[in-house]
Amino acid sequence: MAALAGPAGLRAFGTKVPGWLPRGPWAPLAAGFCNRGPAGAERPEPGPRPTSVRQRDGIRSIVLSHPKRRNALSLAMLKSLQSDILHEADSKDLKVIIISAEGPVFSSGHDLKELTDEQGPAYHAEVFQTCSEVMMQIQSHPVPVIAMVNGLATAAGCQLVASCDIAVASDKSSFATPGVNVGLFCSTPGVALGRAVPRKVALEMLFTGEPITAQEALLHGLLSRVVPEEQLEEETMRIATKIASLSRPVVSLGKAAFYKQLPQDLRTAYYLTCQTMVDNVALRDGQEGIKAFMQKRKPIWSH
Amino acid sequence: MAALAGPAGLRAFGTKVPGWLPRGPWAPLAAGFCNRGPAGAERPEPGPRPTSVRQRDGIRSIVLSHPKRRNALSLAMLKSLQSDILHEADSKDLKVIIISAEGPVFSSGHDLKELTDEQGPAYHAEVFQTCSEVMMQIQSHPVPVIAMVNGLATAAGCQLVASCDIAVASDKSSFATPGVNVGLFCSTPGVALGRAVPRKVALEMLFTGEPITAQEALLHGLLSRVVPEEQLEEETMRIATKIASLSRPVVSLGKAAFYKQLPQDLRTAYYLTCQTMVDNVALRDGQEGIKAFMQKRKPIWSH
Amino acid sequence: MAALAGPAGLRAFGTKVPGWLPRGPWAPLAAGFCNRGPAGAERPEPGPRPTSVRQRDGIRSIVLSHPKRRNALSLAMLKSLQSDILHEADSKDLKVIIISAEGPVFSSGHDLKELTDEQGPAYHAEVFQTCSEVMMQIQSHPVPVIAMVNGLATAAGCQLVASCDIAVASDKSSFATPGVNVGLFCSTPGVALGRAVPRKVALEMLFTGEPITAQEALLHGLLSRVVPEEQLEEETMRIATKIASLSRPVVSLGKAAFYKQLPQDLRTAYYLTCQTMVDNVALRDGQEGIKAFMQKRKPIWSH
C-alpha cells in the first residue's frame, strides 16, 4: 500500500509514518434496495472529500473531516464514508475499521439544506436510502467497525454510533435524536437506536430530543466503553490492535454468523451457528489456533 | 373544551384553572381480537368512575383514583382507563397523555375477586383481554403516553408501566410481578416486562415475585427516568410540556413508525422508515421546521 | 427418593442429610435437530461422571465437578449435565434446579482436545449440537434453572450462564468469550450472549475475547444478581427455596408461556398469554391461591 502525505487537520494515532490509503476513483456503490436511479450520480461532487482515511497495520481509520459543517451526513459525506468503508473490503490487509471525527461534534446528522422543498422527494429519498445503506454495510462488512466518539452525536450521527459493532466514547460525549424539534422525527435513527437501547430510553430520546450523557449511553447499551477524553485514542487503539492481531477469516465468519442468528428463533439460531462452528474448526486458522493453544505457543495465522 | 370543576382528591399539576375533559358517555371500545361479545356491556358499571381525567394545553392527565382498592385494574377500572385513553384520540388538542395514580400504590394489578370460580372462564377471559387491549392501545395511540409512578406497581400495574412509551418514577417506587405467590403466574404482565428488561431480570421477578427498586428498574430499562418524589410532577410535566410544544402529526408519524419497524429485520425496518422520513419531510410541519431552523426562528406548527 | 452417600468434594449447601438423586442409567437424550446418529453412543464414557447431583426439598443441585480440567464442557461433561437436568424432569418432587461448579473456574467451555483434526467434523458437530441441545433443554425444562457462579465462566461456560433462567454470581466472578484468541469464534455462545446483553457489549466480548466483571455482567443483563462470595450460596438458596415453595404447575405454565410469547409480535404474545392466564386461573392451584389470598391464609398447593 502506497504511503502518501496526509492532509492537515487529520487526527493522527501517534504514528510517525502513516500508511495512507491510495485515493483512486470512488469505489462503485453496492447495489441496494434504495438506489432507484442515477439521481446522485448526475450531480458533481463539490470540493474536497469530507472524510479522511488512512490504514496501517490492518487498522483503517476513517475520519469525518468537515467540522465547520459539524460533520453533517450530507449526501457527499455519506458517499465518501461509504467509499472508505467499502474500499478493498476483501483485502487481507484490512482487519478492523475505526470511524471518528474532527472537531467537537462527531456528527450532527443529515444536512437539513438537502431536505428542503427545492430538492424534492426523489432527492430526499436518495439521502435517506444512502444513509440506510451505509448503516447496513457496516453490519455486513467483513471486519469489525468501531465508533470512536469524542463529542456530540445527534440524529443520523447517533444512528452511525448505534450502527457500529463496537462504540467507545470519551466521558464528555453525548447523544441525541433531536429531529422532532425541527419537525423531522428521527425515524431512521430510531431503527438503530431501538436495537441498541431499551425501548423506553429510545422513545424518551426520540420524543423529547434531549441528549443523554456518555455514562447513560453506556448504562443503556448504546456504547460498550466510556473513558476519559485523554485515554480515548489509546483505549480504542488497544481494542483495534487486539482485533488486528486475530485471524481475519475467523473474525469475519463470526461477525457474519452473529448478525445472521440474532433475529432468528433459538432453534434456528443454534442450527445455523452449530454449522458455523464446524466450519470454523475446519478453517486452517481454526486448526492452527487450537494446535498453538495445546502447544502453548502463539498462533501463526495464515488469514 | 368545557372547563368543569374537578372532583376532590384529584392530583393537580399546580394549575389554577384546569380544563376538564367533558364527561360524555364512554367512548365506544375499539374492536380487538379479544372482545367476543357483549358480556361486559351487559353489566351495569357500579358507583363512580375509578379514574379521573383532565386536559389542559394539550396534556391529558389520567389518574387511577381508587386508592382504597389499591387502584386494582378491575374490569371497571380498565374500561374507564381505556375510555379516557381513547377519548378524542384524534383531536389536534391532544398532544400527550400522563397516567398517574392516587395514593401509595400506583396499581396492584388485577382484582382477584374477579378471578374466582364464581365468575367463570368467560369473565376471566374478558378481564385479561380487556387489559391486553388497553396495553396495546397505549402503543397504537397517536400521542406519547407517559407513566408517572409514585409508589408500588405490581402485576398488571407493573405491566401498565412497562407498556407506556415513557416512564418516570419517584425514587421510592418499586415494581413486582408477584402473581406466582397466589398461584397466578404473571403471564400477561410478562409480555410487557419481557420486552422492557433483560430476560434474566424479568424471569427472576416472575419466578420469585420479589420487587425491584426504582433504581434497579432504571438500570434495567423498565423506566426512562427516576427522580426524588418532590420533583416527580415537575420532571414529568417538563417532559410532557416539551412534547406538547412539538408538531402532533410529526410525533404521531414517528411513534407509529418506531413500533412498526422495531420487530422487523434490519432491511425491512430501513425500507419502512426511509419512506416515513420522505413522508415526514413532505408534511407541512416538516417543511416549516426545516425552514424555521435555517432562518433561526421558532417553528409555527399547523398540526 | 433414596438417600445415598455423597462423593467427596461435592459442595454441600449446609445440609446435614442430603437427599441424593438415585444414579440409574443415563436418561435417554431428547431427540433434536442435532443428533444425526449414534456416534456418541458408541464411545465408552471414560472414568467417573464429571457432574455431581443431589436433590432435597424440591431443589436439585447439579455441580460441575471436574475442576482439574477447569470444568470443560467435554462431550462427557455435556451428557452428564444433560442427564442430570432431564432426570425425572416431570416429577412433582422437582421444583427448581441449581447449576454450580467446583473450583475457581465455573467452566472454561468446550474441551479443545475434542476439536482437533483427528476427531473429524462429525465428532465436532456432535459436540456443538449436544451443547446446543443442553442449552435449549434448560429453557424448555418445566422448572426454573438457576446458574450459581463463583469464578470464571468462559466460552460455552459463559453460554451456560446466559442460558439459565436466573443467574446469581459472586462479585469475584468474570465472564468472557475468548474463542477468537484460539481461532475459534464463540458463535454458539454468541446465540445465548446476544440474547442476554446489548449488542455492542456482546460484540466487544466476542471480538476481543476480554472478560467483563460480575458488576458489568449485572449492568448489562447477563446476571440477575451479584453478591459477595460468602453470601453466594445463601442468596441462591433463598431464591431457590422461594421458588420451591410455590406451585410447580403454575411456575411451569408460566415459564413455558414466557419463552413462547417472547419472540412473537405483541398481538400474538397477548393472544397466547390471555389464554395462559385463563388456563392458570382454572388450575386447582390457581383457585387455591386466590382463595387463600382472600381468606388471608397460606395456600396449600396440590401441584
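Which chain is which? They are A, B and C, in the order written, and residues in each are numbered from 1.
Everything that follows uses one rule, which is that a contact is a pair of C-beta atoms (placed from the backbone, for glycine too) under 8 Å apart; a residue touches a chain by one contact, two chains touch by 3 or more.
If you're wondering where the values come from, they're calculated on a predicted model, not measured in any experiment.
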Open item on the list: With a Cα-based fit, what is the angle in degrees between subunit A and its identical partner subunit C, given to the nearest 5?
Closed with: 120
Task: Residue-number overlap at the subunit B/subunit C interface, same or different (half cut) - done: different
Open item on the list: Distance between subunit B and subunit C based on Cα centroids, please, to the nearest Å.
Closed with: 36
Task: Set of subunit A residues in contact with two or more other chains - done: 195, 197, 219-220
TODO: Write out the stretch or stretches of subunit C touching subunit A in their complex.
DONE: 33-34, 112-113, 115-117, 121, 124-125, 128-129, 132, 135-136, 139, 180-188, 190-191, 194-195, 197-204, 206-210, 219-220, 263
Open item on the list: Applying the document's contact rule, which stretches of subunit C touch subunit B when the two form their complex?
Closed with: 144, 164-167, 195-197, 219-225, 239, 242-243, 246-247, 250-251, 253-255, 257-258, 261-262, 265-267, 269-271, 273-274, 276-278, 280-283, 285-294, 299, 301
